[in-house]
Structure formats: C-alpha cells, structure tokens
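Okay, got some structures for you below.
You will see two complexes here that share chain A, one where it goes with chain B and one where it goes with chain C.
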Partner chain A sequence: MGSRASTLLRDEEIEEIKKETGFSHSQITRLYSRFTSLDKGENGTLSREDFQRIPELAINPLGDRIINAFFPEGEDQVNFRGFMRTLAHFRPIEDNEKSKDQNGPEPLNSRSNKLHFAFRLYDLDKDDKISRDELLQVLRMMVGVNISDEQLGSIADRTIQEADQDGDSAISFAEFVKLRC
Partner chain B sequence: MFLLLPFDSLVVNLLGISLTVLFTLLLVFIIVPAIFGVSFGIRKVYMKTLLKIFQWATLRIERGAKEKNHPLYKPYVNGIIAKEPTSLEEEIKEIRRSGSGKALDTPEFELSDIFYFCRKGIETIMDDEVTKRFSAEELESWNLLSRTNYNFQYISLRLTVLWGLGMLIRYCFLLPLRCKEFLSKHVHLMCYRICVRALTAIITYHDRENRPRNGGICVANHTSPIDVIILASDGYYAMVGQIHGGLMGVIQRAMVKACPHVWFERSEVRDRHLVAKRLTEHVQDKSKLPILIFPEGTCINNTSVMMFKKGSFEIGATVYPVAIKYDPQFGDAFWNSSKYGMVTYLLRMMTSWAIVCSVWYLPPMTRQPEEDAVQFANRVKSAIARQGGLVDLLWDGGLKREKVKDTFKEEQQKLYSKMIVGNHEDRSRS
Partner chain C sequence: MGAAALRALPWALLLLGPLLPGQGLQADPVPASEPLQRFPGAEPGGITTAPPASAQEIEPLHKQPGNHSGEGAAKPRKAFPVLGIDYGHVRIPFEISLWILLACLMKLGFHVIPSVSNIVPESCLLIVVGLLVGGLIKGVGEKPPILRSEIFFLFLLPPIILDAGYFLPLRQFTENLGTILIFAVVGTLWNAFFLGGLMYAVCQVGGTGLNHIGLLANLLFGSIISAVDPVAVLAVFEEIHINELLHILVFGESLLNDAVTVVLYHLFEEFANFEQVTIIDIILGFLSFFVVSLGGVFVGVIYGVIAAFTSRFTSHIRVIEPLFVFLYSYMAYLSAELFHLSGIMALIASGVVMRPYVEANISHKSHTTIKYFLKMWSSVSETLIFIFLGVSTVAGHHYWNWTFVISTLLFCLIARVLGVLGLTWFINKFRIVKLTPKDQFIIAYGGLRGAIAFSLCYLLDYEHFNMRDMFLTAIITVIFFTVFVQGMTIRPLVDLLAVKKKQETKRSINEEIHTQFLDHLLTGIEDICGHYGHHHWKDKLNRFNKKYVKKCLIAGERSKEPQLIAFYHKMEMKQAIELVESGGLGKIPSAVSTVSMQNIQPKTLPVERALPALSKDKEEEIRKILRNNLQKTRQRLRSYNRHTLVADPYEEAWNQMLLRRQKARQLEQKINNYLTVPAHKLDSPTMSRARIGSDPLAYEPKPDSENLPIITIDPASPQSPESVDLANEELKGSSHLSSSPEEDEEGLVMRVKEPSSPGTDDVFTPGTSDSPSNQRMLRCLSDPGPRPEPEEGEPFIPKGQ
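Then we have the complex of A and B:
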C-alpha cells in the first residue's frame, strides 16, 4: 500500500513530470498516492468509473465534462502522466514564473492554457467555436430543471450577443479571452 | 554419533526449561491479572518508550529529507489545495469580479461561471472528504511500520537497521506470544480481557458512570471488529449485526451459544421492519442486555463519523452513545474490508506495536418529541464526533461501495439557478 506507491514511481519519472508540469517533488508523490488510491483496478490507469466514484465529483453539475477533459481523444483510460498533465493546468501561477523567458514552451499552467481548458469544456465538437447549442447544453447542465427552455435560450442569446464580435453567432477562443480581460 | 546424544539431551533440557519459564511468565504477567482485572503498568512504559523512538525516527527522516532538498508533504500543515471554503454565490461573484472588472450590477450569467464548477471538480479529484475515510489515515510522523509509509524512503542506515529490528521484534516475538494467548478461551468476560492483553491494547475508559444499562441501546462509531472486544471487555452487551462468512462467521456462531445475540442475514437487513421488530422486542424486556449497534453500517477509518442509519433511532429506547478513538501512531486499527479479509486484518493487528484507544461513555440521550429519527441520529452523531475529536460528516458510509444519489447534484443546480434567475428578476423590475 504505502510502500508500494513510493517504489513504483522512479526518480527519473518524477524529474520528467516535474519539468513538464512544474509540480514539486512532494506534490508529485502525494498525487501519485492519490492516483493509486483512485485506481481500484490496480492496473496503473484510471477509467471514467474511477472518477465517478468520488461522491463530491459525482454531484458536481459539470462532473462528466471535467472527467472527459482527462481522457485524450477516443480513449477510455488515462495513465499517471496524462493525469498530471491535466492537473497541471490548475497549478497557481507563481511570481517567479511570470518573468521567465518567452523562448521555452509555454508552461501548462499559463493563463492562456487555463482559459483554453475552460473553453474546451464548452466546445464539445472541438471546432474552436462555442455555438448556441453547445452553450445551451452547458447551461442546462449547470441549472438542471429549475429554469425554463425559453429563459435559458434568452440567456444564451444575450451572452453570445455580448461576446460575438465577428458576427458569426458563435464565440471563438479569441472572443472568449477578450471577455475575461 | 554417541557424542551428540548427551549434547542433544542438554539442548532439549534447556529448551524445556525455557519454555516452562516462558509459560509461567505468561501466566503470571498476563492471564492472572486478566482474570482479576488488575494491570501492572508495564504496557504504559512500553507505550512511552515507543513514542520516544517514533519521535527520534521522524526527526531523522526530516533531517534526511532536508539534505536532499525535498520538503516532505504534511497532510495537515501544508495541504495540496489552497482552499477557502465559501458559498457558491460568493465564489462566483469573486470570479466575475476578478475577470471582467465590469460594472457592479451582476449580470445574470457569464461564461466565466464555469470556472467555479471546474475548480471545485478538480479540487475533489485531488483530495475529497469522503473517499479518504475509507483508506488508512495518513500520519504526520512515521511509526516504523512500512504500511503507513507514504513519504519516507530510504534515508539512512541507522533508520533501516532500527526498522529491521522493529520488524524482527514484531514478527518473531510479539506475534507468537499473541497467538498462544489468542487460542485459549473459556469464559466470556475473561476471554475478552485476555484478547485485550493479547493485542497489547491500552484502553482508557472515561466516564464509566454513564455505561449502558439493560433495556437500552449502545451506539458507537465503527472502525474495526476490535471495537466489539473493547466494549465487551468492560460490560455485557447483546450484539446486532450482519452474519459474515469465514473466520468472522465462526466467531459469531460461537458467541450465539453463550449469549442472546441477534444476527441477521444480509437480505434480512434490508427488511427494516423485521429488524426494528426484533430490536423492539429485545429492548422492551428489561432483563435483556443492552444492545450494541454501530449505526454507520461499515468500518470508517477513525478520522470522521459518517451518517448514522436511522433504524436504531426509531425504536424509542434510551440511547447510550459511546465514542471510540484510536491513537494511530501505534497501529492502524481500521479494517478495510474491501481490500483484505479478516485473517489478514488480525495478522496486521497482531504485528502492530499496540492498540491504544480511548473510550468515552457519553450521558444517555432520548428522542425529543419535536425531532424525528434523522434529527435525533444527527444529534447523537455530533455528540460522539465532538467528544472523540472526529470530523462530523453528513455523507453516507455506504458510499464505500455504492454510488451517490442524484439529489445532491440537483441541490447544487438549484442553488446556481437561483443565483442567475434571481438577478434576472431584479433586472426586469428596473
């Protein structure tokens, strides 16, 4: 149990993950314990059911979308590297990182990547646009049955109106980012 | 060959003598005091020595970690989530304010609202309140058992030697000692007391004047089957519970022959009326022993108290709450029944350092006229959680094996809708 977790993750792997995601050594070992405790099948990967077993996640209205974000296109299992890569988006931006050089690859937790993560939660078909339907879907997930279709429709229309600048009745990533500035 | 014979007999004699000595020691120091309920205080000294050793071991590990420049993860001091738990509305307003910096009249919906649910979701993936209750507790300091070792890798030779020595002692010395005692049982109470000594259990009972009386129900938080041994060695109880298979089932059947216990089949447990009827009959007979029930329904890892099933609180008898708290430094008493069975569990118990726990008998409670069974159950649960220093959770212990109900999700959705629609109404009015 405990000793198994720390022996299966080799030091070189920890270094690689550290470089890719920016998490510290102890954070990585901690998250590896968490990964193994979620992995009930003990095969080194997590499936969607493993995530859904977390009650507080199952009651989150956007739970399913968030779980989907961990799985790459068309796959049903995520390994520890993929797990960490997705979690890395949520690491707070530290002060010493803001002034890093612009030549290296963009860190996973940059502002732009964080916004991209949220954008992908809306944009199901991955066409880089949030259409009215996609927005309605997410809205419906967040409010459940408590708001009527017409009211929800008008909320969606108003939001798109405010955000849309090139007149295509959809929100592109650039327009999404502008909203948050 | 002839030369070996006298030598052999010498060895045999020595062995015989040492065994006799060992048995007499056993008798004198363990069984006799158990019969008379007297303690020698040796275990207290043992406990103090162990604590000192653990502290030294942890210091060495921390020093070793500092040399390598890897700060250790301490679950309670610097958690992995920077959490500020506020309400849904507060947090969404905060997100909107920090993002657009627009005018203060809150619009009904913004694309950035999704960040709140997103962040909450990821936080629960990293660490949630419920699933961690079903696995062993993480300790701040290491207690030389590799099973509790998340953080601590090979640091120094001295530490490894100490750990090796500890293992040697535990497996070769403490285990056989305990096995011999475990196999001898005669009278119920004496047997329980021997078990207590066998596990080197150091139990502190508080407020014994509140001990359960006949015709009442004793309610306690559940961590392991050892809870039963601990409570039963200090009083007489009739037990209610599920029939298990394997070693546990054998023990249960043996116990029924001596005392009027109430065991149920799993399928019968679901039939709540039947259970309630049998319990009510038992309770109304004032000569019958108090019933011992664990309303959580499953073993929890002793850091929290989960939802109490209301069945036992509907009967209307006096409830005597008991809080049991184990000290995790000496051995983790939690039985993770989905990970390993009874025999493995007993082995783990017998090879830990000791079982140290405190038992508090709380004053009896009865259901007030204006509260229903659920509220009464929650009141008892809070009292137990407060006394034992455990976290009081509303989550159902059944979540160990089953999925959560959808009603909780609907509550979240309702909260959020109220927030958007409420503002919309304000707008349309102006």
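Then we have the complex of A and C:
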C-alpha cells in the first residue's frame, strides 16, 4: 500500500502541494495514503459517499457540512489537491511563517482563513451573514431532537443579540471574529 | 439518687478545691476513681493551675476505697458553688476554636486594612503573624504548639485540595494534561535527584559535621523539598490573576506531583534502613509509582461515582445533600491514605468525577452550600496552615548550618530553573500553543514550597534521621524564601513582564455554542485524516458519557438534557436575577432580598431609567414602569417563562402572570384539547434551582374560588417526550384558560404543586410567606381589569401594600 501510494504521487506534485499548503513531505505522503484508502473507487478522486463511509463522521452532527466543505462549488468529486487545500486550513500556525506573510498571498492556515472556514460552515447560503435560521439549523444539529423549536429559537435569539452589533439581527463575519477573540 | 449525688460530689469538690483549701473535706466519703483520672489529662498550662492544686488536696481523700455507700448519706455542708472555673473540661475545643478565630480575625484584618496586603501577599503576613504569636507564647513561658503532621494531613490539607479539585477548570486541565504531567513527574524527579545528589556532594565536601549524612538521606531530603506546594501556589497565584494557562500549569503540576513525592518519600525512607539497595528495590520503587498514582485516581473515581449515584436519590432530603459530597470526598482521601496511595490525587479525581453529575442532581441551595462551605473551609485551612508555619518556626528545634542551608536554597532555585527550561524545550515540540520564555520564567518562579514539605520532614523519626533538625531548618528557610521573596516579587514582575492576565469575561452563550461547534468540526477533520487525536478521544468519551453514564447517575429527565441547554438555563437564570436585583422591574416596598444574590455580580442593564419615587400612588407608577419596561424586555421574558427566578414571591407572581398572559395570547390559536391534568412531578433540578428560594411556594386559592381557572405548572412530566419542553407546559396551562373563556380575564391563580416532604428545603422557608402572599394574591384577583395588553398590567402590587 505504501509503495503504491508514493509512486502515484510525483515529486513535483508533492513540491507544489508543499508550497501551497505548507505541509511537510512526510505529512503529505501520510495524508496521501489516507486519501487512497478512502478512495474506494480508485479513480483518484473522492466522492461524497467515500466520506460518508467514515463511521465517526456519520455520527458527527456537523458531518454533512464538513463533507460539503471539501467539495468546491457544484462539483461532486474532489481530487487530492483539493483535499489537501481544505485540510491545510487546519495546520497549526507557526511563528516563523509570520515573517513571510507580507509578500505572497495569505497562507491557507492563517487565523483569518481558519475563521473564514468555520464561518462558511455556518453560513450555508453564502451571504456573509449568519442569519437566525442558519443558527437555528446548526443548533438543531448539535442539540438533537428533544428540544422544542421555541426553546432553540430563544437560544438563537439570545446568541444573535449578544453578538450583533450593527443591529441587523444576523452575525456578520466581523462580529464573528470578534466573538472568537 | 445517692449514686448520682456521690458522683456529683467530686465535681463540687473540684470546684471548691481552690476556694476552700484544706477545710473539712476529709470526712466526706467520695468515690475514688473519677477525679483522679481527670487530672493527669489536664496538662499544666497557663490557666490550668487550679486542677493540679486541687488534685493535691483531694488525692489523700481519694485514696480511700470507693464503697462507702454506708456513709454515703452524709453530704457535705458546703455553700453551693455559684461560680467556678473548669478549664480542663473544655481545653482542647477551646484552644482549637481560639486558633481558628485568630486565623479568621487575621484574614479580616488584612482586608480591612488593605494597604499592606497590596504589597505583601497574604501568606507572608500570616506567617509573620504566626511568628509573632509563637514568640508571644514562648515569651509567656508556654510551649507553643507545633504543626503536627497528622493534623496537617488529615484535617488541614483535604479541604484545600477538595476545593481545588471540585472547581478545577476541566477543559484547560485536560487540554494541557500532557504538559502538566511532564512537569509534575519528570520535573519533580529531576529536582529531587539533582538536589539530593548535589547536597550529597556538598556534605562530603563541606566537612563541617555533615559527613555523616549519607546519599539516601540526602536523596530523601531532596525528594521532600522538591515538590511544589499547592497551598502556597494557590495562595500566591490567586492574588495576581495570571492568565489561565499559566495558572493551570503551575497549579496542576503542584497537585499531580503529590504522587511522585509520596513514592519517593516512602521509598527513600525505607531504603535508609536497608544496607544495600538492589536493582529489585529500584524496580519495585518504579512500579510503586504507577500503583500509587493510578491507584489514587482509581479510588477517587470509585468514590466519585458512588457519590454521583447517591445524589441521584437525594431529591427528598435536600438538606443533607452537601454532606454527601464532602463525606465521600473525604472518605476517598482517607481510603487512599490508608493504602499509602496518593490521597491528593484521589481527592481530585473524586471531585472531578462527581461534579457534573452531582450538579445535575442537587438543588440550587445545596449547590450554593457546597460552594461556600468549600471556600470557607479551604480559606480557613490555608490561613491556619500559614499561621502554624510561623508558630512552628518559633517552637521547633533548630539546627542551623550555614553551608547546608545556603546550598539547599541555591540548588533548589537552580534545579527549578534548569528543570523548567529543559522540559519546556522538550514539550514545545509537541505543543500547538508554545510556551514563551515569559511563560517559562513565571512557571519557574512560581515553584513555591510550602507546608507539605515541612510536614513530611516532621514525620521523619529521630532514630533513623538524627539530622532531622537540620533538615527542618533548611526546609523552613527555603519555604520562607520562596513565600516571602518570590511571593512578594512575583506581582511586580508579572506587571513588569506584561504577562497576560486573566480575562474577567463571563462565558457567553456564543462562546459555548462556538466551542462546541469547533469541537465537532475538529473531531470530524480528525476522523477524515484518520488521526486519533485529542478531539477524537474526547468525543468518544463524551458519547460514552451521554449514552451510558448519564443515564445511571443523573436523576430523572436531566439525564437527557444536552449540555447546551443546561448552560443556557443557567445563564437565563442569572440574567433574571440580575434584572430583578438592579431594580429593572421597579422598586417594591417589600424589598427584594439581595442577600442570596450577593454572589452574582449585577451588570448594568441596557435599560436605564429613573426609578420612580414611591411616595406617589405606587400602583400607577409601577404600572407605568411596567409599560415602559416590558416593551424592551419582552423578548427576554419570553424566553424566561418559569425559570426566571426571583427571591421575592410577589415578583415571581408578576413574571409568571405576565408570561402566562403572553403565552395564552400566542397559543390560543394553536390549542388542541389538551385537557389532561398533568400529575405533579418533582421539579427537575435546573428548574428548582431556578428558584432562588427553592421552596414550594404554595399559593392556595380561597376555597370558594373554584370557578377560577387554575393553572398547574408541571415542570418535567415524564409523560411528554420533550422533557424540557416549555411550550408544552404553556399549552397545558393555557388550555385550562381556553376551556373557560369567559373567566379568562378574571385573573389568574397559580398553584404550584410540589411534593413537600419532610426533609425538603422547607426548613429554609421563613414559613410566614404563605398567608400574606395568599391574601395579596387574592387581592390581585379582585381587580381583574378588562382584557388588557400585558403591559397594562393588572395591579400586581396589591393595594394594601
């Protein structure tokens, strides 16, 4: 398994991914072997079903949304580059990277990009706001079925009330960032 | 009668002894044994001169054998002792109480006179006080008491540790557990061996009478003094409000290194008796470390689970709920100490394990009780420990040896600094949030030694360790140095280095939601990567907890309540309290009792308005206020419903009525025929905790008001699947309303059904609130008013007020 994986991944590709995402060589190869083990169809891409086959993901309340985050707009397959690009958001921020920040585009795992990623998981219709309904949906997923809509509604109201500063009863990205501080 | 009189006689004689020396006591027959045995027990002290004196007088008397019942009829013809002194009788409790009183007065003094305590940490001041008191006692000629190890380990230390363990911030602790463990275990081992080895070298070289101290003795000394002390750390760190990461690192280290200390201590103590230390012994020592620490944790977990399970059934006897928590934890500590396991770890494990379940089960009052008792005991303990340290310094036998003491001090500091630096370099490879040099400095500087080291040394016996006094002196010097010098300078240093301080923000619902959200997200990503990391295991544990454990250990419906909802309830309740406390609903002559709400800091309401003077027509004013206010607070009130707890029964009546009316209006369209009369069940603890006065407020309607609709509030009827479903309650409640529409607006009577069993919090109820509140309630009914908007409220404040 291991040898097959490394031959399928060319060195130039590894270099490119390394530059784009900042992962180290060993990390990339490891993730590649994980990618291929998930890829049951062996066509070099992952589909949604491949993700859903992961057992823990099925019971994760946010499972579906996480899976969707891997797939770019409108597509059903994700290749290894896309896979790594999404995972790159979760790489820890290293101090020595901060100096290189000014030159090129912001690295994928910068704090702001991480927050954007989380924000996008809330904001399904991509209007850059978390509305009450979207918040309700997330709460409903996390809390389960035993709680009434009304109570969830009041929690959502309270949440928005706390965070909302420009009075549009929705949480914009700036307000979201301020919360997480 | 005769026997009783005979037995009473020696007491009379005792009292009379000092007053009537040598008078005609010989003729009286007295039973021999009793008084004699008392006198040896009364040790000679400053005030206890009376009993010994009378002992001399009465002794010749008591040499006669006891059976003089024949002559027993002859009673002494003495004047009845109106006043007498019997100090021996109460000596021990009296002295203990005096010490505790001294400790509390000192604490009080420091806060009343804040000028000194801003510069010098409290612990230093207390030691100084102890020194003074010790000096005083010595000056009087008495022997000042030394802090005996049993008293320290069995009575003074457990409350502090339990307080720390019960309120341990679990999230930060588990996130940093690896770091904490490495500091605690490896760090302490390094300190012990480094110090012991170097001291041995010094002893060999020193030549000033130190040659006889062997390697093992030195290692023992090293192990005693190397442990960072939780009491001292708590005392100092609490005042400087450092950021939570550093606090939990140093504090967690001080707690967990107890296992290492216990093992090393017993190990070297045993080894000092052996001639030869073999490899087997070393291996056994190594093994015993795991036994001690894991065994301690295991014992703690077992007791924690038992306590949680017990608390499930205590809903009928709320008064003694706190006792269960204390007793089980203390038993865990004692059981661990019984087997030479680590008592501190047992205590912490039991506190951590039992807390989430116990808090879900017990009433609000018990919760408050536990919190305050723990704080009280730990505070007093801490004060006593420091005072006794001071006294023991004066009282103990000391042997000052310059070389030994100075080198101990130096090497302690060096060992600590080197240890922290080395370990941090190693740990930072694995940490996501690295420890900066500033952090490292604070961690090294915060390694304070305290009373545990002192007591451990005190436990050494003289025959094997005849240099005990020297050790004691050195330990006390190190303790003084760390507490005084390091304790005093750490605050300015923290400011100088601009170390991040603790953020005093309250946890908001947003934070809670997003934290959970991110937890799920990160768990999902970990699963995708196939990486079994921190989040994965935490998620597994939570799932296991929810599925199996909560069902066993939490009573009733709370077991299904998600964490988010519980958190939300707590927050809403707090806000309700604040709303009431800051006068948001208008001032009422029957003053809201703010005593029970002192512990919650009120924040300023967003709504600021001038409170009306009450000299005018109160009703009109209050109605106006309600009208103004309810507009803005309505949104919040909607989510309050019956959780908005107020201390004042009238206000509770208000809110409830308000909400009833609102709900009734809203739900009128949706009402089916829910004509069930829900059986009254026990309150779920959140709800009952939401009552500040956690008492059944029984508003009984007048007997002839049967025609009035009655709303029974059923908090957690297990019949409905939605246990915490408040909408259903409203539905059920208002269904009664709709069933008799014409009486809809005649006013609402609320009957809260609660089983009041003998042991409930009824004891806390003033008990007088029933009848007055009845009448007021009824007076409300007498003025129904038209079908008004909720703001145009009914006269909630009755007229006669």
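Following the convention adopted for this analysis, the second predicted complex is superposed on the first by the 178 of 181 C-alpha atoms of A that agree within 3 Å, B and C clash if a C-alpha of one lies under 4 Å from a C-alpha of the other, contacts with A are read in each partner's own complex, and residues count from 1 in each chain.
Simple rule for what comes next: a contact is a pair of C-beta atoms (placed from the backbone, for glycine too) under 8 Å apart; a residue touches a chain by one contact, two chains touch by 3 or more.
Note that the structure is predicted; figures quoted are calculated from it, not measured.
Trainee: Output check: A:136 vs chain B and chain C. Expected answer is one of first, second, both, neither. What do you get?
Mentor: Neither: A:136 stays clear of chain B and chain C.
Trainee: Who contacts more of chain A, chain B or chain C?
Mentor: Here the partner covering more residues of chain A is B.
Trainee: Between chain B (first) and chain C (second), which does A:150 come into contact with in this model arrangement: first, second, both, or neither?
Mentor: Second partner only, chain C.
Trainee: Which of the two partners, first being chain B and second being chain C, lies in contact with A:92: first, second, both, or neither?
Mentor: After superposition on chain A, A:92 lies in contact with both partners, chain B and chain C.
Trainee: With the two structures laid over each other on chain A, which partner does A:163 touch: chain B (first), chain C (second), both, or neither?
Mentor: Once the two structures are laid over each other on A, A:163 reaches both partners.
Trainee: State whether A:121 touches chain B only (first), chain C only (second), both chains, or neither.
Mentor: A:121: touches chain B and chain C.
Trainee: Which of the two partners, first being chain B and second being chain C, lies in contact with A:24: first, second, both, or neither?
Mentor: First partner only, chain B.
Trainee: Should A:177 be classified as contacting the first partner (chain B), the second (chain C), both, or neither?
Mentor: neither
Trainee: Figure out whether A:52 sits in contact with chain B (first) or chain C (second), or with both, or with neither.
Mentor: first
Trainee: For chain A, what residues appear in both contact lists, the one with chain B and the one with chain C?
Mentor: 31, 34, 37-38, 51, 54, 56-57, 59-63, 66, 87, 90, 92, 118, 121-122, 138-139, 142-144, 146-147, 151, 155, 158-159, 163, 179-180
Trainee: Please output the residues of chain C touching chain A within their complex, sorted ascending.
Mentor: It is residues 432, 434, 508-511, 513-514, 516-518, 520-525, 527-530, 536, 539, 543, 560, 562, 564-565, 568, 571-572, 635-636, 638-639, 721-728 of chain C that touch chain A.
Trainee: Which bits of chain A are touching chain B when the two form their complex?
Mentor: Of all residues in chain A, those touching chain B are 1-3, 5-6, 24-27, 29-31, 33-34, 37-38, 51-63, 66, 87, 90, 92, 117-118, 121-122, 130, 138-139, 142-147, 151, 155, 158-159, 163, 171, 176, 179-181.
Trainee: Chain A touches which residues of chain B in the complex?
Mentor: 70-73, 80, 82, 99-100, 108-115, 117-122, 124-132, 135-136, 146-151, 153, 395, 399, 403-404, 408-414, 416-418, 420-421, 424
Trainee: In the complex formed with chain C, which residues of chain A make contact?
Mentor: Touching chain C: residues 31, 34, 37-38, 51, 54, 56-57, 59-63, 66, 87, 90, 92, 95, 118, 121-122, 138-139, 142-144, 146-151, 154-155, 157-159, 161-163, 179-180 of chain A.
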